[in-house]
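Look for chain A in each of the two complexes below; its partner is chain B in the first and chain C in the second.
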Partner chain A sequence: MNRTLKIASVLLAAAVAGPAMPQSAVDEIAKYRLQLQDGNPADLWEARGEDLWKQKRGPKNVSLEQCDLGKGPGVVKGAYAELPRYFADADRVMDLETRLVHCMVTLQGFKQADITKRPFGGPGSRSDYEALGAWITSEAKGYTMAVPMSHPKEQEAFRLGEKMFFFRGGPHDFACATCHGQTGKRIRLQDLPNLTERGDAQRAYTTWPAYRVSQGELRTFQWRLNDCFRQQRFPDLKFTSEASIALTTFLAKNADGGKFNAPAIKR
Partner chain B sequence: MKKTTYALAGLVVLAAGCASVSDQETAQKALAVMKASFNEKGQAKLDRLDQDETQKACSRPESEPLPKDEAAKIEKLNFASIKYPADGKMLGDWREGEKIAQSGVGKQYSDDPKKPSGGNCYACHQMSKTEISYGTIGPSLYQYGKLRGNTEAVQRYTWGKVWNSNAYTACSNMPRFGHNGILTEKQIRDVTALLLDPASPVNQ
Partner chain C sequence: MADPMRIRAVAKDGVVNVKVLMSHEMETGQRKDNSGNVVPAHFIQSVTASWQGKTVLSAQWGPAVSKNPFLEFNFKGGQKGDKVQVTWTDNKGDKRTDEATIN
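Then we have the complex of A and B:
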């Protein structure tokens, strides 16, 4: 927000004489976003992710190339556009990160506790999930979102996710829906997608993961949910928790039909 | 899309010969799943998932508002929680109120619990002509006091709305700042002044 505001105020000071109208600030921010599209450092994460996928790693010294992301072992192309989904070998619904943990444990022989210590990157530490997520999602660019709903557990995840979306709690009474349940609203100058409405849900969901300019990090959807809950004044959402998967199922399904277009770049 | 999903779910459930899952059962399961899916962190403990009656009633889409009688019940319940200042003084310093309106910190696990919370009014409301970075989830409050005057009745209403928004609008998106201990009595006095003091930037 700070960065956006600074940019907005600089632009306004330079360009506008007389009383500043908010709409012009919003327009200028839209221009700034457009300019960002020129070069996306997500490339760096994608390259590292592809390496991590193909490298022989772990106690069993094998690559992730036999990992089944839902379209058969080793099929990466378009897989993300059909996640989360039910996986028979685990008998549960999984999103991308959960499936990656599963493959690292079952194929490569890693211990789950060891490989879930750094779900998100920060200063001086990188997250393998952000790199793998960047590459795998980049392989779904241009694919149409089509989240499967034929298995009862997929349907249940959707229903639970929907309940969680409207669940109000904490000292501020916030739910996801408080900010993302109406169309055409914003916080400060930040436009808010209505995630219950198809067009907005498509635009929002198909642009995660994203390189966040303000953080200098590539962020996955697990991070997006985690940081939303922080601002919602909830406790810390566990990485790959059942709630995170249910909520992702609800949001991904609402974006069905949208053309996947990530990793994106955001302020 | 949802209808199709529910229809599909219904068919599968029927085929399996089970009773259909009620909305209430789904809500209970969702809560159980959430309780297992969060870690305490900093000041944000797991009890933040324990809903009071208002939060429970208001966990619904905007498009499906509470029935009138239930909404009235929630408003009555919340109205009863409003605490007016013992000395009757509802107007503080609008300059302090402006700082509170600008600040979005407080109650997140990443916030220092020893520092005072902000009200973050600008996140959702237009308030003054000079602050152009305002949100639109709430209505514009620009010239709030100029339009309403500064009578005791207006002061009491404004105080009550900030203390507990649900006293006047069941399931309002606005936090219940006094009721939930986000802002102190002194802070609410300052915010009320920001809204009502004729010298406040809100009323220019």
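Then we have the complex of A and C:
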């Protein structure tokens, strides 16, 4: 009897708390993120990434220290806050991962097909891009996002990215903007940033790459877009493709003026 | 060979605060892979921390601890400049020891 009574009162409490749930749950998630901040396992990726950057590797046995991320060969500090950008040596706009592939091919002598086969880490396989990405972006912490738009190809990438963001397609007739074009929307308990609005766009873009607790992996922006395409039931977004760079350019530019603050930690 | 741990140790008012981040898969043995085979358990079983040859923390862990675990603890007596050593051993006999200087 006593036990039934207890269950009944628990149920009652749940019913009363019901309507107020969403807001307090969001607060609880914020608290959870704050607690995790201190022991962010992204540190482990950063350490491995720094090591990879300085290690002599590949057929040519050289390190990546001469790789130009846009601020001159070997300059890593703050470089990510100004990516994607146009690189004259490759005559195209590149984001971080694309630039890393370029450097690994041109400097270290790797074959492009070999090093882009499995770009994302998973059980039993680790990704060099996720490690390098963690370290390079950590060196841009605190820098202000300032994506260059002076070259015509940069403007072209931005316009293409914008078009893709609003383009509806696939079996669900979905666009990026379906989920990320309105303010105050959420899926279950996940708040959806409105990426057409500056504040939200800044908060979203400046907290990638991030360690995903649910996956136990550090994920870079190429992965984020790849997974968005999967969720929209779009065809696979090819790693370092023109489409992925254009969309990144559009989203990065929308975050201009925001303080870069990654690698972050997400649920 | 496992990746190095990240250890931070800070002394304040005679108490040392130690934060350790370990790189480990921490497989529970309950999960199945894509082809339906059980992924064998692989997790850290024991963790010890020592300072000047004395054990200041000894823990027994199981498969319920998360991947890439984070451990934080305090102990009394350490001074700035002393070394703290942390060792873990997993169920396959793999071992890793790392050292940090107290700040």
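Just so it is clear, the second predicted complex is superposed on the first by the 247 of 267 C-alpha atoms of A that agree within 3 Å, B and C clash if a C-alpha of one lies under 4 Å from a C-alpha of the other, contacts with A are read in each partner's own complex, and residues count from 1 in each chain.
The rule is simple: a residue touches a chain if its C-beta (ideal position, glycine included) is under 8 Å from a C-beta of that chain, and two chains touch if they have at least 3 such contacts.
This is a predicted model, so every value here is computed, not measured.
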Q. Sharing chain A, do chain B and chain C clash or fit in the superposition?
A. fit
(Q) So in the superposed three-chain picture, is A:235 touching just chain B, just chain C, both, or none of them (first/second/both/neither)? (A) first
Q.
Which partner chains sit in contact with A:123 here, chain B, chain C, both or neither? Use first/second/both/neither.
A. second
(Q) Residues of chain A touched by chain B versus by chain C: which partner has the larger set? (A) B
Q: Kindly classify A:43 by the partners it touches after superposition: chain B alone (first), chain C alone (second), both, or neither?
A: second
Q) Which partner does A:216 reach: the first (chain B), the second (chain C), both, or neither? A) second
Q.
According to the stated criteria, A:182 is in contact with first (chain B), second (chain C), both, or neither; which is it?
A. first
Q | Smallest separation of CA atoms, chain C relative to chain B, angstrom | A | 12
Q. Which residues form the common part of the chain A surface touched by chain B and by chain C?
A. none
Q. Which chain B residues qualify as touching chain A in the complex?
A. 1, 5, 8-9, 12-13, 16, 21, 26-27, 29-31, 33-34, 36-41, 44-46, 48-51, 54-55, 58-62, 107-110, 122-124, 129, 132-137, 173, 175-176, 180-182
Q. Can you list the residues on chain A that touch chain B in the complex?
A. 5, 8, 12, 19-22, 25, 149-150, 152, 155-156, 158-160, 163-164, 166-175, 177-179, 181-182, 184-190, 192, 196, 198, 229-231, 233-238, 241-244, 246, 253-254, 256
Q: Please name which positions on chain C make contact with chain A in the complex.
A: 3-4, 6, 19, 21, 23, 25, 33, 39, 66-68, 70, 72
Q) Residues of chain A touching chain C in their complex? A) 38-39, 41, 43-44, 47-48, 123, 213, 216
